[in-house]
Amino acid sequence: MILSISSRAEYDLPAQTFVLLQIEPALQGATHRVLEESLQTTPTPRTELWNDLYQNPQRRFMAPLGLFSFNFLARIECQPNAPLPLDAQELPPEQIPAECMIYTLPSRYCQSDRLTNMAMSEFGLMTPGGSRIATIANWINGRVTYQYGTSDAMTDAFDTATSREGVCRDFAHLLISFCRALGVPARYVSGYCLELEPPDFHAWVQVFLGDGNGGGAWHNVDATFNGLRPALVPIAFGRDAADVAMTTFFGQGNLHEQVVNVQKESD
Amino acid sequence: MILSISSRAEYDLPAQTFVLLQIEPALQGATHRVLEESLQTTPTPRTELWNDLYQNPQRRFMAPLGLFSFNFLARIECQPNAPLPLDAQELPPEQIPAECMIYTLPSRYCQSDRLTNMAMSEFGLMTPGGSRIATIANWINGRVTYQYGTSDAMTDAFDTATSREGVCRDFAHLLISFCRALGVPARYVSGYCLELEPPDFHAWVQVFLGDGNGGGAWHNVDATFNGLRPALVPIAFGRDAADVAMTTFFGQGNLHEQVVNVQKESD
Amino acid sequence: MILSISSRAEYDLPAQTFVLLQIEPALQGATHRVLEESLQTTPTPRTELWNDLYQNPQRRFMAPLGLFSFNFLARIECQPNAPLPLDAQELPPEQIPAECMIYTLPSRYCQSDRLTNMAMSEFGLMTPGGSRIATIANWINGRVTYQYGTSDAMTDAFDTATSREGVCRDFAHLLISFCRALGVPARYVSGYCLELEPPDFHAWVQVFLGDGNGGGAWHNVDATFNGLRPALVPIAFGRDAADVAMTTFFGQGNLHEQVVNVQKESD
Amino acid sequence: MILSISSRAEYDLPAQTFVLLQIEPALQGATHRVLEESLQTTPTPRTELWNDLYQNPQRRFMAPLGLFSFNFLARIECQPNAPLPLDAQELPPEQIPAECMIYTLPSRYCQSDRLTNMAMSEFGLMTPGGSRIATIANWINGRVTYQYGTSDAMTDAFDTATSREGVCRDFAHLLISFCRALGVPARYVSGYCLELEPPDFHAWVQVFLGDGNGGGAWHNVDATFNGLRPALVPIAFGRDAADVAMTTFFGQGNLHEQVVNVQKESD
């Protein structure tokens, strides 16, 4: 399908401020292709584009004092979001590609080491595979309450396991942690989502599962929703939210307004 | 039934040390009566007996440098431990006796405030009453692994909710926390237990439930065991383990040996 | 001096609600005497007055659905708040009165056990006594930022030791924890304070120190302020804030307005 | 100087086990060059060598059931360990190389975000630069007690900030966290250390500082020691200990014996 995507925001900067911006999808991903795009930053600082440790595109620039805004527009061709294949396989470590291994390790917000016993006591006896991962996502969806303002930038999966409240970021961190605790590579994805209410940036999870023929692939899983969002376009992958902030202001950046919009242009 | 109880321990004290000792049951409790008892502390310091904030008997004394031991012997008449009455009632706050209210508040090891959402998401939809409390105890028993050395004096219920391992003290703290989170007065009990393997001091929980006729009573619940220990004799009640330490050495107290023994003399 | 004190608040109750109210000072305290007082609760529920575990007066009543308010007025004779005597003594455990011992134990918000090493590494080499306690209060005052909204009802001293921000309650919890970690009995006090800006209820600390002649007394210490508030009238003592909530609504209690006022009538 | 390095260990594996091994330094580093090396794994599984996300060499192999050992020997030419240049500069974010930015972000064991206020209240007023970083290392060295068995694989910098005890790994995590909290890129290094008593693998920190001429470099800092270890050879760099485990057994690996030896052959 073809998606029309826009995101823009306006900030007040009390001083010249160095900024990192990570809102542009890679031009070509596993399930999407950017057809057209434009990024405008006003006033127009000279932005440097580079690929971070995980190969995500990231803008770096110095924004002058005063009003600062970015405005990103894109037309993107993408495949519909596919449900997690329930018969996909959890792979033994020797079959996990070496470069996926880092996604089995604990990270800032996903302390899978501290959640191992909980994962084992809740999910340890289930048959491994896509169906178990789907069950975990459902378990989280049914036991964690979605509520703005109940979590913040310090909240991690160890907290959410007990506090049972948060936003998409927290749902993702907890799902990632349980998956890693069971030995399944799981990574955090920030991106654009079709039919998100209210419209906003979104965060979800990808797990690496085997196809039963010696191969494997990353699959989307989203504990925030019961059903399937029809399309997801990744901006950046990382170990958790610490790695993929949409905006980083080295100094004060007072947000005035942020608007994200994702529309389906055609099937 | 008549129980024959003994507890003794030997310590090496590198200096004269102030000691608190809390191993003697009250002479008369709701379900027990001390028939005979003797406490020997060697060398023989002059011990002061007083009742703490919760009216538990406690010894206070200065033990000289060197080997120190206590030896407690008692014959105790007690009623058999009764199962939690499944039809007992969780009381609304206005029907909870004023003096029980403190056992609905969070405490050092039982952070019921931080466990409220978890208690609600796991047990909130169940019918209130003795049967719900029994279900919570079973839930803990099935999900927390009993293992010496997995917890320590710092471990609290918030930890155990996720770490899912510990000893009787941790099982008790988690059960207390869930009960308080649901508004049920719950207190920590240290004491003697018949048929504990290996023999040791024990810790369990009492909850205050209504009898349906305007009255109420404290009932034993023990998440450490699936079945019912045949007899429990309380030494001390408190908000959690912080309040009822068997021994407190203000200085170093190197334990050589501790032996607890509980035998049934007659029915 | 003579103080004129008032506190009132208005709530909206969406249902009949059981309420605990703890805003009245004891009629007679170590440093104050209530000359006149009146408490009006509207609509006028029949309130029960009792003394809690710590002998603090507490009201218990059922408030009907709708607007609920309390209005407390008092004239109180009190001694000026005295600075902590710097030459008062930290007592060895055997000289601490038995009933003060519970204030050396960790509690919900004052995990002195987890803060022992920090207390020892920061203050362990200082000469014990009132001067050390004053130094600790100054240390906290200089390193913790007073800021509404940076802490909440879950925040404990272990958090504040690192987060370094909070309100009077958090300053008190951290000071209590350090004192207990060093073996000094320390308790939490809620009460009325002269020259608090903006006027509000206040929380501070009392430590039990020796007078060098075999006696001892509780002394006020307040890490929230650099200087000395001129008068403090205690409402309730407890192990920490969990024990002395001004208002407890068993259900929803939406606060409309709260006003506290403390004036000096005469010296 | 020329170092002679050896490390070997023997394990009992109750089943065929997948293993990751990260004990070989890169052949060429900023301050060392491997002259000769040999790695023997017995029984001799076919090992795969690859470079991880941070470009550290890592072995991957399947070890059969039974006794398993590795034996690594190397002769390494390395520059003496240099003290942190006290006049080196902390760089503003726009001057930090893009690829160093990830080392300013919080990670599993280095929650710099949660330690920002503590870092600011203890070190915020000091003049930025190498001297401030050295002061922080000294602060940690003086306030944290080195003691085996006081920390474990779950211990993170937030814990150590208060618990004030640990091993080299914990000293490194706390130092990294304070540096990142102040905006200084800091990474975890595992490696070999000359004159470590008792001999073992070691962990320390590298910070990225500017040279005052538009350039910058990574410098060793080691809060575990007061003085300077004469030589440090890095095995692996990462965000914290989660990234650079010497051995990872996917299953049980019972260690029998481990011996590390580092000798100076010549200057």
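Note that the chains take the letters A, B, C and D in the order they are written out, and that residue 1 is the start of every chain.
Definition applied: contacts are C-beta pairs under 8 Å (C-beta built on N, C-alpha and C of every residue); 3 or more make two chains touch, one makes a residue touch a chain.
These figures come from a predicted structure and were not determined experimentally.
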Least step count from subunit B to subunit D, where 1 means the two chains touch: 2
Distance from subunit B to subunit A - Cα centre to Cα centre, in angstrom: 46
Distance from subunit C to subunit B - Cα centre to Cα centre, in angstrom: 30
Rounded Å distance between subunit A and subunit C, as computed from the means of their C-alpha atoms: 45
Set of subunit C residues in contact with two or more other chains: 114
Touch-based graph of the chains, sorted into line, ring, star, complete or other: ring
Touching residues on subunit B, where the partner in the complex is subunit C: 18, 20, 48, 50, 52-53, 58, 60, 62, 92-94, 98-99, 101-102, 105-108, 111, 113-114, 153-154, 183, 242-243, 250
Complex contacts: residues of subunit D adjacent to subunit C: 114-115, 117-118, 120-122, 142-145, 158, 161-165
